[in-house]
């Protein structure tokens, strides 16, 4: 069983970037935690609504959700942000960290990518995902999401406020990109990643019973699915 | 009116890589010539059939078609191949040259890309298109093909022998990639290109009557649509 | 008629980077706005003098000039700077945005490049120009300024305080670089650009009478040529 | 159980580039085949001796060895070489292909890298390894060989003719590079790879008994350990 | 005699990155100044202890040491940091500037690299060294430290607080990397650098007597070896 | 005293690419050999005339000239070409090798760059120069030729047949590029290079009397200045 941490700047970023891979991790019995760094205060939709959307999305992907509570559009790659992500890495004992790609037109995405590269400096597996606002992106690592695209789209559809009003969140494009990258990966649907550092573990991960796998030790301290 | 030359290694390469842009050029009143360097002897389908498919595709795009008559899977970026392409550039008086991207898993695509870079050394506009077998590709220039995707797919469907049996020629993937690159370009459907050298002509091209535009001076010497 | 927005950190940056292209745009009937983000407080010369120099340069290029009023050497790529540039893009309804290249030894240039990439995230044409302080720069798109180099140099010569005392502003080097890039572009003199995203519009832009073209709707609200 | 194919131009190339990873694959129960494309006619040592060295090395790594019988220093990335590698991929039903990196000062290494990229165009996992003669190499994928470095060095020591007389084959450097890349990968010793295309399989590979795993179906047709 | 300035974010960064090259510069009769920008408040060890360690290391390398007194983990590439480095460049009349590589997982390293690129904008020789936390690094310039590796390791061993407790400061890895890069450079041990800008001076530098060479004019104003 | 070898595909390539650096090497007392691989049979001008031009140019730069006698436009990066260059490296005992950049629109330039990278695999200093036909080129190493530009232009003017009729050989562009790269290097005129591998020798080279320096031991075996 692996422990997976996905970091995103705003509600819906993680689902867009690696929602299919997270579903594949869950299907393989891995524990998955989503860290959403801001409440998405500046996008369309109210913060309370967006948090509820994220909670629904995390539930549909069967992942744990934790919040960073930084300010939308004002994220800095400073010691505070790095400490926040370090804390999540330490508490999840993350084997794999997913995060934004560094070249992105959204300043928060750039900052979260840089801060996570700092926070995950001792991690063996750091993978950058693509956002609709990513600029340069030359992927070389793929996850086959042919069996998981529907769950990705379902998770995305939980973000009603975004799907209805943001040009950047378009399920048609999400499916098209998954097919585009699938063809590159020689599978049907894929998500694409740029590895910052990826140690390929050739030995199969030990399998824990799923009941144990989905309840990390620190869930008493943190809100499960964001619920207080 | 511009004169456009598209160079491809095999029948269907040009349609896959820049069929939509060629349709857009025709719609803008530009003359377009397709140079297919080999007869595609090694793919699925007989050579005679593949030539007929290419002629049908060129006709559907309303482009001129010329053949290079080199050997499939044995193309070299040598002086002979370069001379062949130089000749096409000179006779079409090409303002724009489209060709394969240099990094590709097919050896003929690599060779044609290199030979065209040599042949077009005095040209001001050389654009590399993507094939299903292209490996590294970081596009920065796009053509909006939202109004032309159907013509691209129609041209591609003329290559019956390929669509039916080659994993690399899949209309579903073609449409998905057009949507993927469209989102990158902030339009609906786009083809993506890596400019080797692109001089942006700010002054509008002089418009000739379409009747003149579509009949380049040398068509008496070459076979129109490949017909003898 | 296109609407062009050029963004620069300091007085003279825009003229150095894309003054020739702006002259070519004006000659093609396009509307051009220059957004100078700081007053250049830290360079040689007084601020009032530098503003008058910029006004003279904008007048000589027949472009509209607007000021960002941020602090020289202290520009951040934060939400405020992004909003400033978004506002200029929205009011000019910019079709094309010119801005510094991201890799530059001046911190303000880096910040303005990053902030403009954020602000222009929905734009179809974003081109990065080169400054004397640019570090990495691999251009692939060029504008032929053979007919406009004299206007570029004339605009530059308006910045008397800089030409006289800054090693970075040297008309001899400006002409040499234009010839160097001209040879790369297969023309006589050229300016070179790295496209962040460039949708090539194959259809000729509709031509408006020049009198209309040069007076955008919002000029009553902003200072024309920077004059109060 | 995975089927692994490692392709190298000369005897000792595979051991130098990915000998540790091959040992790790064997330890994980995977089948491994080494395809040595030439007999190394031009290096120090006689061909017969070098073949015996390769056989000993393959035996020490417990891998299958097959020979390509092309001419040392005269390998071309042509249809013949591609067909040779395609044949090995098909017969091993390879899940993973290891090969030279494309930028290398040895012409045979460049040719084998290009030919393998062509031959493995339908494969989901193609990884480029580093040779002492590799020039550009920016790895992002690593295999932990802390438990296998001794086997790598033992396999290498079988190539007595090279270790004794080629400046490029130096066990001290091999160990140093493994430690260098190990530090990058956050393990003790590592081999580093550039993924051409890598689909990460999140589900654990089904485990076959080792006895079955080590005897691929086609070994009756090919020489096991190169022995006639 | 050259004047060399090495800039590092924390105590031990310079020794790790270019300690061997600095020893080689001293052996060639060059003057060398180390500028340590922060006191390393956040690493293991007390500040006073770390300063003493740096002083001992500088003494062992026979280099001048100056301190920047910025805050560990909070360095910004802002005007203040740039001015600090500009001041050191001006006072040392530096011919060569060594500094961190831009892509690094430590935010201070990134900031110091960017600030030094700004501060050294008029310098002819700016070389980026590698840290254990550097991420992307494609060196092309090397200094042969075969005769100086022992001095590098000795200088490093002065940083007792780090060697004992930081996974990033490991003499075994330092020696391994020196051998790894040595093999790349075709020498025994080397340090590797990415040149930001390097003017190769073909004429031999004039030799001053060592006594003069080691005492720059400004040492009365600054603390020699950091001692008050 | 260093021994310098410059390799070029055709007469005038070396002068265009690094003629100023060669003059600077001669001024510093280094021995310089120019290896012209083909006779330039396909350019404008007769072979005999072009050889005489090269001899005059080599004489004006005070360098030794040797010929490779391969066929213009048909150079392959094969074992024969590599052996030819290896032979020149061995006989000149070259410390520094200058050669074409790998990305070039002329097929011979690409082949010579690749063959020289192979031949110089044991050399510590291999620098790629730029030709008018070079495509991608991101230089980081420069030689100040402010005192040598006139000699470069004089050497170039010996190639009368090219200067008069080839668009690629234009002294105005040569001077402009030297000024352009000079500004990048913070000197007046510079030639720019991409280091494939460059070991910076910090110790001053031992100075021999010029009389000895200019007569390498093997000149009795080879034609001096190409004269038989």
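Per-chain residue numbering starts at 1, and chain names A, B, C, D, E and F are given in the order in which the chains are listed.
To be clear about the criterion, contacts are C-beta pairs under 8 Å (C-beta built on N, C-alpha and C of every residue); 3 or more make two chains touch, one makes a residue touch a chain.
The structure displayed is predicted, hence computed values, not measured ones.
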Partner chains shared by chain B and chain C (touch criterion as defined above):
A, F
Using each chain's Cα centroid, which is most distant from the centroid of chain C?
D
What's the call on chain A versus chain B, same or different interface residues, using the half cut on shared numbers?
same
Rounded to the nearest Å, the gap between Cα centres of chain B and chain D is 38
From the C-alpha centre of chain C to that of chain D, how far is it in Å?
53
For chain B, write out the residues touching at least two other chains, lowest number first.
122, 196-197
Touching pairs here come out as A-B, A-C, A-D, A-E, B-C, B-D, B-F, C-E, C-F, D-E, D-F, E-F
Where on chain D is chain E touching in the complex?
132, 136, 138, 170, 172-173, 175-177, 179-180, 182-183
Which of the residues in chain F come into contact with chain D in the complex?
77-79, 82, 114-115, 117-118, 120-122, 196-197
Complex interface listing, chain B residues touching chain C:
21, 24-25, 27-28, 30, 122-124, 140-144, 184-187, 190, 194-205, 207
Within their complex, chain A touches chain C through residues 73-74, 105-107, 110, 133, 135, 167
